[in-house]
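Take a look at the structures below.
Two complexes, one shared chain (chain A), two partners (chain B, chain C).
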Partner chain A sequence: MPTLWGYSISAARSIDYDKNDQSFLRRLAHSCPSSKLCIGCGGCTAACSAGNLTEFNIRQLQMLVKRGETRETAEQLHKCMLCGKCLLVCPRGVDTRKMILSMKRFLREHDQ
Partner chain B sequence: MYYDPFVLPFTIGLTALLLFLAVKYIRWIRTFRKSERRKIRKGMFSLKTFRAAGEVFSECLLHRKIYRTNPFLGYMHTCFGLGWFLLIVAGKTESMVYHTSAFNPPYFAIFFRFFHPAKETFPYSETFAFITDLLLLFILSGLFLALAKRFWSRIVGMRKTTKHRPLDLLILTSLWLIFPLRFLAESFTSGLRGGGSFLTNNAGEFFAEFLPLDHLTYPAWWAYSGMLGLFFVLLPFSRYMHIPTEIVYIFLKNWGIRQGTKFNAFSKIQMYACSRCGICIDSCQLNSSLQMDVQPVYFLKKIRHGKEYESLIENCLMCGRCEASCPVGLTHNALRLSKRPDLSRITKNTYSYAKNAAMPAPAKVAYFAGCMGQLTPTVTRSMERILEQAGVSCTYIDKEGGVCCGRPMLLAGNREEAAVMAEKNRAILKASGAEVLVTSCPICLKMFREEYGLQIRIVHHTEYIDELMREGKLKTVPGEQRTVFHNPCELGRGCGVYKAPENILKHVSRKIDTDFDGKKSLCCGGSLANTSIDGRQRNRIAGDAAKAYAAYQPDVLVTACPLCKKTFATASAVPVKDIAEVVAECCRP
Partner chain C sequence: MNIVIIGGGPAGSEAAYRLAGEGYTVDLVEKENSIGGNLNNWHQLFPDRKSAAGLVKELQQRLNHPGITLHIDAEAREIAESAPGKFAVKLSNKTVLHGSAVLLATGYKVFDAKRKEEYGYGIYKRVITSAELENLFTNRALATLYGEAPKRIGFIHCVGSRDEKICNYHCSKLCCVTAVKQAIEVREMLPEVEIFCFYMDMRMFGPGYEEMYREAQERYDIKFIRGRLSEAAENIHGQVVVKVEDTLVGKPLRMTLDLMVLMVGMEAADGSGKLAGSVQVPLYPNGFIRPADPHTGTNLTARPGIFTAGSCTSPMNLTDTLTDARSAAWQIKKWLTGSDKHA
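Let's look at the complex of A and B:
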């Protein structure tokens, strides 16, 4: 969509906080507050054991949650091996493993 | 027939207790799996039973392990355990010699001084009186220490003790009153009509001078019996349930029963066997660095009394320091893990991407750096150098990225997903045809050893380097660096590897012995088992641990785990190296 300043917004990357389903995001922020510290640097993704073998991207997971795309999140989430490398490289101190586990728990409850 | 109504509280209390315990234990054991019950039946008539009996003597009566924490604390427990036991044995023997029959009612031995007319002697009557007095004094001395501990716990080497419930304090009081009341009852009786020995006889004469003993003696026996009865009746509902349950636990353990993946009846037996001594509190770094009350004593207490314990499930480093210090020998890590839910969601796609991992070239020795190893290239490079120097042809199976061993997933509770990862790694290992698997990461080591069921040798790089050095394949020059060794939790307490790193460091450096050698090593705080604490809290633990090691003024803090190395890197003022790096620096062709 064209804007006044000549930039455009990619629909796939936009987060519409007014329309998105934010229940997942809010829960995640509650159970893993440090998840809010993410600046999307992608260090986690660069270090990721799973990401080394397949298309898996923790930064993208954050995005999916913010966009309220629960089903897509679930599909991506199960690729994580929880090895914890992301935890060690994160410059912001996001508890990435806790974040993933919280997501898993949420999705489990969501399914039931 | 010797009988008096005052024996009723004791007799009723004891009978109720024994019935309760029998029902409870039988009901628990009946829920055991068939294979486990078979183990019990097989173990019962084997040497294992004797070994268990020996352990019951040394742990439930002598309390040998508590002496390691503090001699005073050990003595205090020996007084109560062994003292009370011997008092019962001596009393029973005395009553049998007197009565010339093994079948007298239990209360007769306990209240022997009441029933036995002091003037009437029987073989060794004076010796028996002396022995029982001596034992009573022994117990009273322990009681004195216990009182001192209540007010000043440091006297017995404990910085922090357990917070107790009111009911526990009530039963504690009843336990404490039992022996002074016995002392009073026996002394009063002795003062009134003689008998007893150096303790009760002299005390009796002393009391007789200013107390109306003929009015006090009978009530004193009632009070003694009543206090015993009260103790027996309260026992199942208090922490003292550990006394009988620890015995059951020791037998079951020796017969081969282990804590499984679920919190089951055996877990309950472990839970009730916890004496709430609180020794785990001081050993736990979540207490010493973060002042958190999350130790096994609180965890098990909360489960037992139906309190909120969910927040404690995740809040454990599983470093195993509590297990190493637990006088009862409970398997706290397995207990905590059994409460972590398995959220695995297995489909045919689960980790199917593992097929993208590069297949290793075949070799006799396989090297697995592990995920964390990949993050510490200095370690893997050092290992490559060492293996090359020693002329070992080795295949580096996860050089281009591999599948995680699965232990971090397992520690989070998701066993099924961890099992899928194990399956993928097994296939990769099989393709390499390796006979020895060397890993740099103790987390992987424990996983490979315990969960993979591999038929090949699995060693940590410390063990392998030690072997290469012993066999003369790897030649090193002695180093001048002063080193302190931080034994990673999963390597030392987790896999029992203590000697290999010690040998290596003594060869390639000047290793300083510390209080944290062997089983007492600290946790770096980086443990993946704890998903509750945040980065700052991890750093605090790491900082405190690093400071404790730095007090020995080493040139290098040496560890043998890439995760420990990473965790200490930001927290330690002393440079941190992996043992492989230290060896690689000292290699000579």
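Let's look at the complex of A and C:
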């Protein structure tokens, strides 16, 4: 029975966690367990060499992957220079380098 | 029966007063030359803006009790169980105190901001700690600190807390509300200044805290940006330029500050570990003392006869510290009257 408030959501605008393909996020959690420790503080994005030059937000991209949204990450990830500055700044000890490499590997395999 | 209390901060002082009131004699050991501990470095307390010096005075007055002997400028070095249920506490001045129970009230120490090198403390002129800001409040020196009054001030949360890089996983619990309190105090002194708090999460856990946060936005026009500082630099004018991601917007943000205040966290006091170690009382990985049980065994330790009070077990606000001290006094009385010889 619906509440008085009701429930409506626009499919085009939202993350549909029920329908999204979760193989990527499961793989990521498995190949880089420390990626689960992220608290979204943005330290990595603030420090990021690529993000300072172009539209590239590593915090957001990995968050999207964790919600099963891979499209944006697939389009953007090539901008990362693997400089490792994000690794130096992360207060949670997320192995961001490993995380990025795992994402790259997954996308590459996915493409084939 | 005599009880030795180590640490003359709020916890030790409150417990001494309560135990003396129950008819026990107390030796209260303080390493500095006066009681009050870290409270001596504070100007006003949240949430009611009580004067910290006033509270220290109150605690001090209550120590004027015939049952309490105060040992100042004396550091407890070691505890030994000289006979079953009898403890000897060695002090730095060679005195040995004897008690049927020992209360550890060794408190905490403030994080050394120099360890977070990328924030520039001790390198850039206009970077200070929250503890130093309290001092500026007390001396009313904020407006003239750098010649002219600062126009923009930033408070940086979680400095030395929640940070794997400096091996402190824990949240210091009090710095969020302290930042809000200090931001309000700054606004009162400098009506024109722009004030920002850079936070990861706002942890307003105590009564009246969340309301104070709301008031900070509504009445005091303090702005909050969710993002962790990645680095800071000094420009040619001596101002501090900070870089964060404004995570709610999703873009890197750069801002020039006339003053940057680091909300330094709480770490276990240096003395705690040594003293606890001398009687095989276990510590948490972060160095705070581990209670016998986190629910039913607070104030008790793994070692019968050794008790704790206040922030030597975890970051604690003053309300909780004083409550914890009263609870410790009760636990000690229970133990000494034999109704609770926990083994």
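We adopt the following convention: the second predicted complex is superposed on the first by the 95 of 112 C-alpha atoms of A that agree within 3 Å, B and C clash if a C-alpha of one lies under 4 Å from a C-alpha of the other, contacts with A are read in each partner's own complex, and residues count from 1 in each chain.
Just so it is clear, a residue touches a chain if its C-beta (ideal position, glycine included) is under 8 Å from a C-beta of that chain, and two chains touch if they have at least 3 such contacts.
All values reported here derive from a predicted model rather than from experimental measurement.
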### Query
Which term applies to chain B and chain C once both are placed on chain A by superposition, clash or fit?
fit
### Message
In the overlaid three-chain picture, which partner chain does A:K98 touch, first (chain B) or second (chain C), both, or neither?
### Response
first
### Query
After superposition on the shared chain, which partner residues are touched by A:V89: those of chain B (first), chain C (second), both, or neither?
both
### Message
Going by the contact rule set out at the top, does A:A47 touch chain B (first), chain C (second), both, or neither?
### Response
both
### Task
Look at the superposition and give the distance in whole angstrom between the closest pair of CA atoms, one from chain B and one from chain C.
5
### Task
Show which residues of chain A both chain B and chain C reach, each in its own complex.
47, 52, 89, 93
#### Entry: In the complex, chain A residues that touch chain C
39-48, 51-52, 57, 59-60, 89-93
### Query
What does chain A use to touch chain B in their complex?
34, 47, 49-50, 52-54, 56, 78-79, 81-85, 87-89, 93, 95, 97-98, 101, 104-105, 108
### Message
Which residues of chain C touch chain A once you look at their complex with the stated criterion?
### Response
118, 158, 162-165, 200-201, 226-231, 243-247, 250-253
### Task
Give every residue of chain B touching chain A within the complex, in rising order.
343, 345, 347, 349-351, 353-354, 356-357, 371-372, 374-375, 401-404, 406, 408-409, 412, 414, 417, 421, 526, 528, 531-532, 534-536, 563, 566
